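Each of the two complexes below includes subunit A, the first together with subunit B, the second together with subunit C.
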Partner chain A sequence: MSGMRERGVWVALAATLTIGGLLVYADGGALFGQSSTVSMLQRAAGLGIVAIGQTFAILAGSLDLSVGFVISLTSLIAAETMAGSNGMVAPAILAVLAVSAGIGLVNGLLITKLRINAFIATLGVGLVIKGYLEHGYAGPAGSVPASFQRLGYDRIGPIPMSFLLMVAVAVVSWVVLKRTRFGHHVLAVGGDVDVARLSGVRTDRVLIRTHVICSLCAGIAGLYLASRLGAGAPRVGAEGGYDLESIAAVVLGGTVLAGGRGGVAGTVGGVALLAAIDSVFNQLAIDPFFKQVVRGTVIIAAVAVYALRLRRKEALA
Partner chain B sequence: MTAEATLPSRWRFGRLTGIGPILALLAVLLMVIAIRQPSFYDPPSLLAFLKRAAPLVILAAGQYFVIVAGDFDLSVGSLVTAEVVIAARLIDGDPAMTWPVVALMIGFGLMVGLANGLITTALRVPSFITTLGMYLILVGAVYTWTGGSPRGALTEEFRLLGRRGIEGIPFLQQLPYAVLVLAGIATIAVVLMRSDFGKVLLAVGGNPRAAALSGARVNLMRVIAFLISGLFAAVAAVLLGGFGGVSFQVGAGLEFTAITAVVLGGVVLGGGRGSVIGAMLGAVTLEVLFTLLNLFGVSGALKSAVQGLIIIAAVAIGRTRRN
Partner chain C sequence: MLLELNGISKSFLGVRVLDGVGLQVRAGEVHAVVGENGAGKSTLMKIASGAHQPDAGMIHLDGDPVSFRDPRQAQAAGIGIIHQEFNLLPERTVAQNVFLGREPTRRGLVDLRAMHERTEELLASVGQEGISPQATAGTLGVARQQVVEIVKALSLDARVLIMDEPTASLADHEVELLYALVRRLQERGIGILYVSHRLKEVFDLSSRITVLKDGKLVTTLDTAATSPEALVRHMVGRELAHYYPPRATATPGPARLALKAAGNRKLHAIDLELRAGEVVGIGGLQGSGRSSLARAIFGVNRFSTGEMFLDGSPLHVRSPRHAVRAGIAYVTEDRKAEGLVLGQSVLDNAMLALRAVTPTVAGRAARAVGIRELLAGVQVHAAGERQEVRFLSGGNQQKVILARWLAMKPRILLFDEPTRGIDVGAKAAIHDLIRRLADDGAAVLMISSELPELIGMSDRIVVLRDGRVAGELPAGPPEESVVGLATGAGS
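Moving on, here comes the complex of A and B:
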């Protein structure tokens, strides 16, 4: 079942690339030229890493609305700790991972121990971080050394380092979800939390871990954005719309919002689809705002198609 | 337990306990204001406060209908922005256009609500995704339509509802139109929820399958809830357009503030439980909180942090008390 849902997004991606590529070609451009491929992959990297983390939370039946603010916060922690010095890169990365894991832990504890709805808990935590950011920072702060900027700019052929980073995160996540006991527990908790508990899964612990992973991924995306921008940016996460767009990418990839069904591969497809639409529109120089209209329509249409297929399958069964 | 059981008219008591926590929180905040700035309670300044709070209370009431039916409406903030930007461009300073455009705004709000409802029910797209998609579509559409910056202007007649009121009332000085609109919307909301419609809506949100088996038209109820949310958002947009200038920021983030208010008022996400009075009190409480933070000179930046902490604390306390 989930395999079929995940295939849907790849079909849509292939169609977008083919039709978009032809349109761009007819327009006198090239969708697969070096520079447009690079920018397409770079756009995919940041959102992709966040969305992979979000996949864990959603699979477990939860969701995380705080990721946008975690990205901004960790980009600042990275840039301010590094302060332009090579020697501070490793401590800065550790600090970012520690802080983001801590935020994930708080999210998870609020949801499991205080039994606050995930929507409200992560929205509340996000607002607290937002207040801290707006109070403490008027604009970009800190700076990353040239060596760390290579993460944002280096590439092997047409493939940016950042895209490889996303692929690495995706592969690790795929293995964790498909091949470990924890991965099976995540799906069990998302499918039916009571059944999972009765079959001996420590459901609270599983849910907390998914939130820690989700925040860690947001922290990694914050590191990437700091390297890309050369500094920490207090509004980069909120302005990029990472919170809602990461959820949209996950759902576009065939993962069910209620949890229990789906996976990382689909999410990567969802992110690639959004990035491909972006690229086609950029190459055709269509009004950038109109892109949003298309995104919204594609997201709704995709989920409607998944729902229709599910109904057909149930009718056949 | 036994004490409660022996009380007369137990259903009434039950209804009051639902909004107990929010009433307590509101009372505490109002007491702090009374100590800090007694002049807040002068009728004119109290009415000015209600005028300021009206749009959020109206949005929270609309969001309540959707949430209690088991759905979300994340599109209301972008709908408010779209409405104000559309109104400014269509009116473009021409007084004769004011009322036709207000009618159009109401129609547009209903249309967006209808689209949200039909996509959610007929196409079975989760409302979180439907309204998130609608949010992207509305924001993208108004930006595309205006080329990136709002154009046109609203007329004085349009701003009347948001800014002015009935003058020369003894003791009150001025009765703002916004407060009258708020009173009207609140009455409609309460009457709706006390009617059969309200009872069926609660049943639909609580257990859609059971409601369907007992004859409720579940999808129709959910569509109506979205229609109400779209309609109330349009009304809030008329008031907000009157208060402030025309900008793309006018509705930004209002969907989350409205949902926060509803949850603060004791309404359970997922549907079936909570009262519309609680939802509206939740919105009033948030506005009192913002006023209080201003009084204490808390920087605007820290406001969201305090807001976040209060929501988490209020919901956590509500939960532990219920268990």
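Moving on, here comes the complex of A and C:
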């Protein structure tokens, strides 16, 4: 069952935290100190929200490469609409959600109605947004009021608000996937789109909705980054590598890239694993290039282990 | 009248597949639809179940005109369909599959308990308490997966159930289970449209038979008033007589392939000889190790114990490539998944094995000529060698695969269900080809779930049970002997 796959990522996370914790301790630091824990969780929050959205798209057999640019765009929409005023926070949030949902809708329509491969459709939409951003913005713009910055900086004990926001998104998503008809249909469409269609599932609609959800999550991440930075940033999404990293987190969590198998719990584990690796390397102050090598190795190793298990299971069946 | 189709026409890309076809289904009736592949049966069923929309014609349900934009609407109206290929999500549970698209909800959330309970009730209503609603569908055997599909249709309160080749993947003893199910459904007053190539089933189950040919209605017959021979005449315009080619007359030559106590995870201590010039049939139930045997010989799942000899010298096959180079050919059970690259042309598919083992471009070009001759020789009917094989009928697809292996001049041919889902005419052609290969000196192993085929074709039959050789029978045994060995009832 998918539970087996999802458990793998938590084992890897525990191993990373234990070994990394010991290495950092030997180095004279503390991986679980207040400040490093907070920064680890904050790092996880932004990527986590995006990756949860990405999980929907991937489970349905699609994927979204535009999320990075959506994040940049929505951070700007948020900061410019707010323009430092408390009264504009709610309208700004609504504007962000509306725009991101609209982008998701476009992605979904391109994929379902024009039958454009998801990779190309979302890359194309992403590039269009990129062009708009590069044309209109040289650097950060707009500003968010102090009240909105609390989303990025407040915390309860060592747990940042943003992390709680991600947990909330994760819990809602988990319930949606496990317990709503839509969730069941997402897994059906990703598992076999013909079976789903012949069973009466409105497959196009399901796929479009997963893209709307995916973009909405990117929009929420954009809001969070705006609150962290205090302004909108035209390159924050692309430079943060949210597109490919969110996909990597989903895959690390045991969701099959072809769709139909996996879930949000694994994705949260995948995000936590990537954040933990980041934290350990930051604490040890190791060359960041080496960090990328380790991340790449971990991703390949994880997928290899999953594939091996699947093969063994099939051999037994 | 429960369901009435009138004057249904449909064209794809300018090719007319259905031309003014009509039929009626009464409540509680099993109405068989027969015809060769390409006759338009599947298209008609897809129209009745909403997957395709007719270009012309009317559908009446209970006398009211209806039109379905998609399968969902047909389902809602009470028309369910069991497809030729299994339509289950292997990763999802039985209950999730049964209620896919119609999950019961409570306060907006899927009511898992109700879903499991209702699936359990439905399974019990067809006498299948043994299947757990929470089992993952992909882990069930083929027959049980089909039960799940039928239960899925029942959960829709289907009043018309379309069964498209429901026994194509079932072993003979599993067909009994299906018969029992069909009769139960009939008692409930469900009208059944039963599409099948297997005439025995058609005569066992149906009360009326509609014959299609080349997209046109030939006739609708009362089953009681006709005979298999007459039906075949309607279908193909020729008699059933030459159905199986004559067996080998010469005594078989030396052993080309020999297995001595060969085994692996699924096979145990198999002793087997395939001699030049003979067709050895492999019988047994689904899961008895028939396909595993062919796959092990071909190096897909290797033997881990025992020995294998090819023309007298020991050979340990490491991979399919190794097997191909050693002169072994394997026509797989699942044509579409393992036999063909569906989106590639007839020629590319036929050249697949040659290309894989011919190192030079010049060598391949030289051999392409031979392939064209072979394609013509096996009489592939295609729009041309550049046509994609997915547009071909099952019989022609199988012929392409045959041409591929003939090009390799194999010493040993392994056929796994060579005529599954293939119409009567093409079936006879493939049987002739198999026999001709043996006559030319190849050793042929043929797995078949269809007893008449197994018995009609084989010079001897080796029956497997639970991964072991249960026994061997000479040419032309009575069906009961095969079934007895396969089930262990005869021992």
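Methods note: the second predicted complex is superposed on the first by the 317 of 317 C-alpha atoms of A that agree within 3 Å, B and C clash if a C-alpha of one lies under 4 Å from a C-alpha of the other, contacts with A are read in each partner's own complex, and residues count from 1 in each chain.
We adopt the following convention: a contact is a pair of C-beta atoms (placed from the backbone, for glycine too) under 8 Å apart; a residue touches a chain by one contact, two chains touch by 3 or more.
This structure is a prediction, so every number in the text was calculated from the model and none was measured.
Judged by the touch definition given at the top, the superposed model places A:L308 against subunit B, while subunit C stays out of reach. By the document's definition of touching, neither partner reaches A:R150: not subunit B, not subunit C. Set against each other, subunit B and subunit C touch different numbers of residues in subunit A, with B touching more. Contact with subunit C, but none with subunit B, is seen for A:R261 once the two complexes are overlaid on the shared chain.
By the document's definition of touching, of the two partners only subunit B reaches A:G124; subunit C does not. Residue contacts after overlaying the shared chain place A:R205 against neither subunit B nor subunit C.
Of the two partner chains placed around the shared chain by superposition, subunit C is the only one that A:D192 touches, whereas subunit B remains out of contact. Of the two partner chains, subunit B is the only one that A:V251 touches; subunit C does not reach it. Partner subunit A is touched in their complex by these residues of subunit C: 51, 70-72, 75-76, 81, 83, 87-92, 96, 100-103, 105, 108-110, 112, 136, 138-139, 152, 265. Across the interface of their complex, subunit A is touched by residues 74, 119, 123-126, 128-130, 132-137, 139-141, 143-144, 148, 256, 259-260, 263, 269-270, 299-309, 311-312, 315-316, 319-320, 323 of subunit B.
By the touch criterion given at the top, residues 1-2, 175, 178-181, 183-185, 187-188, 191-192, 194-202, 260-261, 315, 317 of subunit A touch subunit C in their complex.
Listing the residues of subunit A that touch subunit B in their complex gives 110, 114-117, 119-121, 123-132, 134-135, 244, 247-248, 251, 257-258, 287, 289-297, 299-300, 303-304, 307-308, 311.
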